[in-house]
Amino acid sequence: MASIFRTIADLWSLVVGLGITGKEFCKPGVTVHYPRAEVTPEAAASFRGPIELIGLDKDPAKPKCIACMLCVSACPSNCITVTRAPTPKPTPEELKAMAEAEARGEKPKKPAPPKAPGTWAYDFSLCSLCGSCVEACPVDSIGFSHDIYMVGTKREDFVFDQLARLARKAAARKPEPKPAAKAAPEAATAPAAPVAAPSEPGTATPASEA
Amino acid sequence: MNATISFDSVLHVVLALVGVAVFVGLNGLLLVYAERKVAGFIQRRPGPYEVGPQGILQAVADALKLIGKQLVRPDRADPLLFWMAPVLAFFPVLLLFLPIPFSPLLTGWDVNLGLLLILAFAGFNVLALLLAGWGSNNKYGLLGAARAVAQSVAYEIPLLLAVLAIAFQEGTLSLSAIVGGQGGMPWQWNIAVQPLAFLIFFVSALGETNRAPFDLPEAESELTAGFHTEYSGMGFGMFFLAEYANMIVACSVCTVLFLGGWKGPFLDGAWWFLAKVYGLLLSMMWFRWTYPRVRFDQLLNLNWRWLLPLGVLNLLATAFVMKL
Amino acid sequence: MTPDTASVTPDVLLAPLDPAYLADENPARTGLRWSAFLSADALPRAAALLLEAGWHLEDICGLDVREGLMAVYHFDRMTSPGRLAIRVLADRETPVLPSIADIYQGAEWHERETADFYGIAFTGNPNSMPLLLPEGMQGHPLLKDAAARAPLAALLAAQGREDTVLRKAEGFTLLEPAEDAKPAKPAKAKAAATEEGADNA
Amino acid sequence: MHSTETLRSHGPACPAASADGGCADDQIAGDGYTCHFEQGARPESLILNMGPQHPSTHGVLRVLLELDGEYIVRAEPVLGYLHRMHEKMAEVKTPAQFMPNMGRVDYLHALAWNWAYVGAVEKLAGIEIPERAEYLRVITCELNRISSHLLWWGAYLLDLGAFTPIMYAFDDREMLLDLLQLMTGSRLTYSSFRFGGVYTDASPAFVQGVRQFVPHLRSRLPMYTALVTENIILRRRIEEVGVIPQDMVARYGASGPVARGSGIAYDVRRAEPYSVYDRFDYEIPLRHEECSMARYMVRMAEIEQSLRIIEQAVESLPDGEHMHPKAPKPSFKLPAGESYFAVEGARGKIGVWIASDGGKTPYRVKLRAPGFSNLALFAECARGTLLADAVAILGSLDMVIPEIDR
C-alpha cells in the first residue's frame, strides 16, 4: 500500500521535469548560428590552428626561419618538409675576392648558403597540432594560426606552401588601400558570403586575422 | 449506421477522404516541423533554420528527398509483406478521420457508431508494424514488431475502458453527440467530470501511438530503429506520416471525448477543435523531449497494474453514478 | 578478505611458491612496491592466493627480451595500496603460459591482448579469438628484432632503483648484467626497421 | 546493424558452417567471432549483433548477444575496431613525439592520459616539476574530468531515450572547453602537459574564467538533479540494474566510479597520492548500492568534488614558472629502468608502464586503460538482464572505445 502512494508521489517528478523543459523552451537559444555569426576573434585567439611561419619584424614577408630542420625532426607525423634556399651565384665582387684569395694562397671564401628556407611545405592533413615544431624552433619562426573555420574539399587543400602563405598574409596586412579595401567589405558582409569554402583554404585569411 | 447508402453519401465520403488525405499530408509536414522546432527550443537551439524563413520549408524539402529516394528492399526480406506494411500503416489511418467532427458542419461522415469505427480501424496500425518487422527479416525489426504487438494489445484495453466511461456517461457512441453533450466552458467539459478517464486515455494514447516515453517498438538506442530498421525513402516516409496521423487521431478523439470538441467559451467552431488538438500534440512533443524511455516490462506493468485496474474502477464508478 | 589478510605482504604470501626473486621496491622510483619472478607453473596458485588476499589484476604486459618472452602481471590492492609486479618468463620458441582467467576473469582479455601482440599462448583461456587484432592476421606486432632485443637486466636492474632483495634463488641470474651491458647497436641498415621499433641505440 | 541473417558474409569461411546448426547456411555465415559465439548457443536462441554501428555502443564496439526473447543469455563484447597500436607507436617515437598520442587514447579525459605518460617519464628520468605547473595540471585535469562526466551524463541519458539532457550538458561543457582551450589550445584532444611542466602558463583570463565557471556549474547541478536524477522513469530504469558486487570488481580489476559505486573507496588520488592532490580538501564519493544508479550518483557527486578541488587550486595557485628551468629538451634520452605511474581518470585507474634500455625511444610502453577492465565485466553483469538493461549497464560503465582498443 505504501509503495502505491510512494509511486504516486514519485510521479510528481515527471511534472517537475516538464516544468524545467518548459522553462528552457522559453529561454533564448545558446548556439552560435554559423555562418551568420562566428566565434569572436578573442575566443579564437587561444585556439591552436594549423601552424604558420612568422615573418621578420622588418620584413614580414620573409620568415625568421633559418632552415635548421629542427622542426622537421621534431615532428612526430612527418608533416613538415623544408629545403634550404639555393646558394646564390657569387657576384662579380665576390668572384674577384675569391680569385684574389686564391692568388694569395688562402682558402677562397665561397658564399655560404643563405640561412633561409627555399621551400617550406606543411601537410595539415597529417598534423596533430601537438606543437613540437613550435617548441623546437630556435628562432621562434613557427606559430599557431587561429583559423577555426578552415575548410577544404580535397586532401591537397591542406598541403600548404607556408612561404607563399606568409607572403600573402604580409601583403594583406600592408596598409596599401587595394587589398585592405577588398578585405574589409568581405569581412563586413561575411554573413552573406558563402562560407569561406575557398578552394584553397591556405589562401583564406582567417576572420580572426582580417 | 445510416441504413440507406445513397450516391450522395458515398460521394460525400469520397470527398471527405480526399480532404482528409490533404489534411493529413499537410499536417504531417507541419507536425514534423513543429516537432523539430519544439525539440530545438527545449534544447536551446534554433531547430530547422536554413530552408525558407525560420526553416519553414525544411519539412517539404525532407518530404521531397524521401520521395526521390530509391526504394530499397533487403535481399532476404519478404517482398509482399515488406511493401504491404507501410501502405497498411498509412492508409487505414485516413479512415479514422472520417467520423471525427471538426465542427458541426465539418464532419466527414457523421455516423452514430463513430467511436467504434475509430477503435476498430486503429487496430490496423499494429498489424502494419508487425508485418514491417517480420517482413524485413531483420532481428532488430523482429524485436521491434514483437514489442509493438504486445504494447498495442495491452494499451488498447485501458483506452477502451476510458472511452467506455465517456460513452456510458453520454449514452452514445456518436462523436458529435458526445461533443453536443458538453458545454463551452472548461468546467462543462468531460475532463472536469472524468479527470481519471482523461489521464488513462492520454497515457494509453501515448502507448498506442508509440510516442516517447513509450516508443519501444522504435527504441532507437536499443533496437537502432526497431520495426522500420530496414526502411528508407518513402517506405520510411509512410511510417513517419502514419505516426503523426495517428497522433492527430488520438488527440482529436481526446478533444472530442474530454475537451468539448469544437465548443469554446465563445465563437464555437473548428478553430477551437484545432487549437485543442494542437495543444495536445504539443504536449505530446513536450513529453518526448523531456522523459527517458521506460523499459518494456515497466511499460506492461504500468498498463496491467495501474491503468487497467484504474480504468475498471473508473468505469464501475461511472456506471454506478449513472445508475443513480 | 579480512583485515589481517589485507596487511599480509606479498613476500609472506608468495613464500610457499618459492619465488626465484622477490624484491622490496622503492615506489618513488618505479611506481612498484614489490616485484617478483615466478615460474610459470606457480602463476595460477599465486593468482589464487592474491585474489584471496584482496589483490586485483591491473594489467598484463608482454615484454620481448633477450632471455625470452616475458609477461609482467601488475597487481594492486584496493585497501592498503601497493603495486606488485609478478614476472614470468616464457620460452621464445614455444611461448606458453598458464591462464589465470579462471581465477581473475578480467585476465581473459589481458591474456588475449598479450597473445595478439606477442604470440604467447595462454593455456586454459576460455576464448581463443584475437582480441584487438583482426582475425587471421599474421605476426605479432610487438615482437622485436633479434638485434634490437635488450637483456632483461638492462631494463629492470638499472642503477638507482634502491630495491631491497628479499629472496633470491640459487642460480637466478636474470638480473645480472650481461657481458655486454649495452644493448646491441642495430646496424645502419636497420633504418628501415625503425617501424619495428628496432631503433633503441 | 544488420543481423547476420540479412548480411552476406565477405569474411573468411565459417569453420562451423552447417556443422552444428550454428551457421546452418554457408551462404550467410557470420565472421569468425559470430561462429565462435554460436558454437555455445542453444538452438532456440536468437543471436544478435549489437554493433559495431549501434546508437548505444558509443562508437565501434560490437557486442554479440544470445537472446531468449529479450533476455540476455550470454554476451560477448568484440573489440578491436578502433585499435591503433598505440603501444607500438610508443616504441618508435621519442617520448616528446609520443605525447600527442596521449590526447587520442581517451578523448574525453585526454589530460589524465597526458598526465599518466608525463608522470611515468618524469618518474623514470627524475624530472622535477614546478609547483605552479602542478597546480595548473590539477586544475585542467579536473576541468577535463568534469567535461568527461558531463558528456557521459548526456550520452547516458541518450541511451535511456532522453534526448534533451545532452544538449544542456553541452551548453555547460562548451564553457569548459573554452576554458581548456585557453590553457591547451585545443578543445578535445589536448596535449598540453610537458616533461617538467605544462605547455602554456595560465592567463588571467583563464583564472578569471575558472572562478566564474565554478559557481555557474554549481547553480546548474540542481537543475540536472530535478530534471533527470529524480525522474521516476530514470530511477526505475537504472536502480537495481547491473549489480556489480565487490568481488566482481576485484576479479575484473575494475576501478573508478564502477568500483566506487560498489562501495570500494579506491581512488588513485588517495591511494597513490600524486602531484598536489593531498593539499586539497575533497571527498571520494562512495555508494553502496552496486547498481547503475550508484555509479550514476558517484559521477554526479564527483563533478561537485572536482569543482571543490578546482576552487581551492585556483585560490592557492602559486606564482612561478610553468616549465621547470631544467626541463629536458624534446630530444632527451630516457635513462634505463622502469616506471609505473597511475592517475585517476574519469573512468578509473589509468596506468602507464615504461621500460627503457636507455635509448632514445622507450623499450616498451604499456597503457593500462580503465575502460578495458571495466568493460570486461559486462558479459558477466549483463547475463540474465533485458536488452534494455544491457544498454543501461553498458552506458553506466562509461566506455570510451578508443581507450579500450588503444
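Order of writing sets the chain letters: A, B, C and D. Residues in each chain are counted from 1.
Heads up, the rule we're going with is that contacts are C-beta pairs under 8 Å (C-beta built on N, C-alpha and C of every residue); 3 or more make two chains touch, one makes a residue touch a chain.
Nothing here was measured: the structure is a model prediction, and the numbers come from that model.
**Student:** Is the C-beta contact count larger for C-D or for A-B?
**Tutor:** C-D
**Student:** Could you state the distance in Å from the CA-based centre of chain C to that of chain D?
**Tutor:** 25
**Student:** I'd like the Å distance between the centres of chain A and chain B, where a centre is the mean of that chain's Cα atoms.
**Tutor:** Roughly 55 Å separates the two chain centres.
**Student:** Roughly how far is chain B from chain C, centre to centre by C-alpha average, rounded to an integer in Å?
**Tutor:** 64
**Student:** Could you put a whole-Å number on the gap between the CA centroids of chain A and chain D?
**Tutor:** Measuring from centre to centre gives 31 Å for this pair.
**Student:** Where in chain B do residues touch at least two different other chains?
**Tutor:** Counting only residues that touch two or more other chains, chain B contributes 42-45, 289-291.
**Student:** Give me the residue numbers in chain D that touch at least two other chains, ranges are fine.
**Tutor:** 164, 168, 171, 227-228, 231, 233
**Student:** Specify, in ascending order, the residues of chain A that touch 2 or more different other chains.
**Tutor:** Residues 14, 17, 20-21, 24, 30 of chain A each touch two or more of the other chains.
**Student:** Throw together a list of every chain pair that touches.
**Tutor:** A-B, A-D, B-D, C-D
**Student:** State the interface residues of chain C toward chain D in the complex, per the touch definition above.
**Tutor:** On the chain C side, the touching residues are 27-32, 51, 54-59, 61, 63-64, 72, 74, 76, 78, 81, 83, 85, 103-106, 108-110, 117, 127-136, 141-142, 150, 154-156, 158, 160-161, 182-183, 194-197, 199-201.
**Student:** Of all residues in chain B, which touch chain A in the complex?
**Tutor:** The touching residues are 38, 40-46, 49, 286-287, 289-291.
**Student:** Can you tell me which positions in chain D touch chain C when the two form their complex?
**Tutor:** 11-12, 31-33, 36, 76, 78-80, 83, 85, 87-88, 91-92, 120, 123, 249-254, 259, 264-266, 271-272, 335-342, 349, 351, 353, 355-361, 363-364, 366, 368, 372-373, 376-377, 380, 405-406
**Student:** Would you pull the chain A residues touching chain B in the complex into a rising list?
**Tutor:** Chain A residues touching chain B: 14, 17-18, 20-22, 24-31, 33.
**Student:** List the residues on chain B that touch chain D in their complex, please.
**Tutor:** 39, 42-45, 74-77, 137-140, 143, 212-213, 215, 219-224, 230, 288-298
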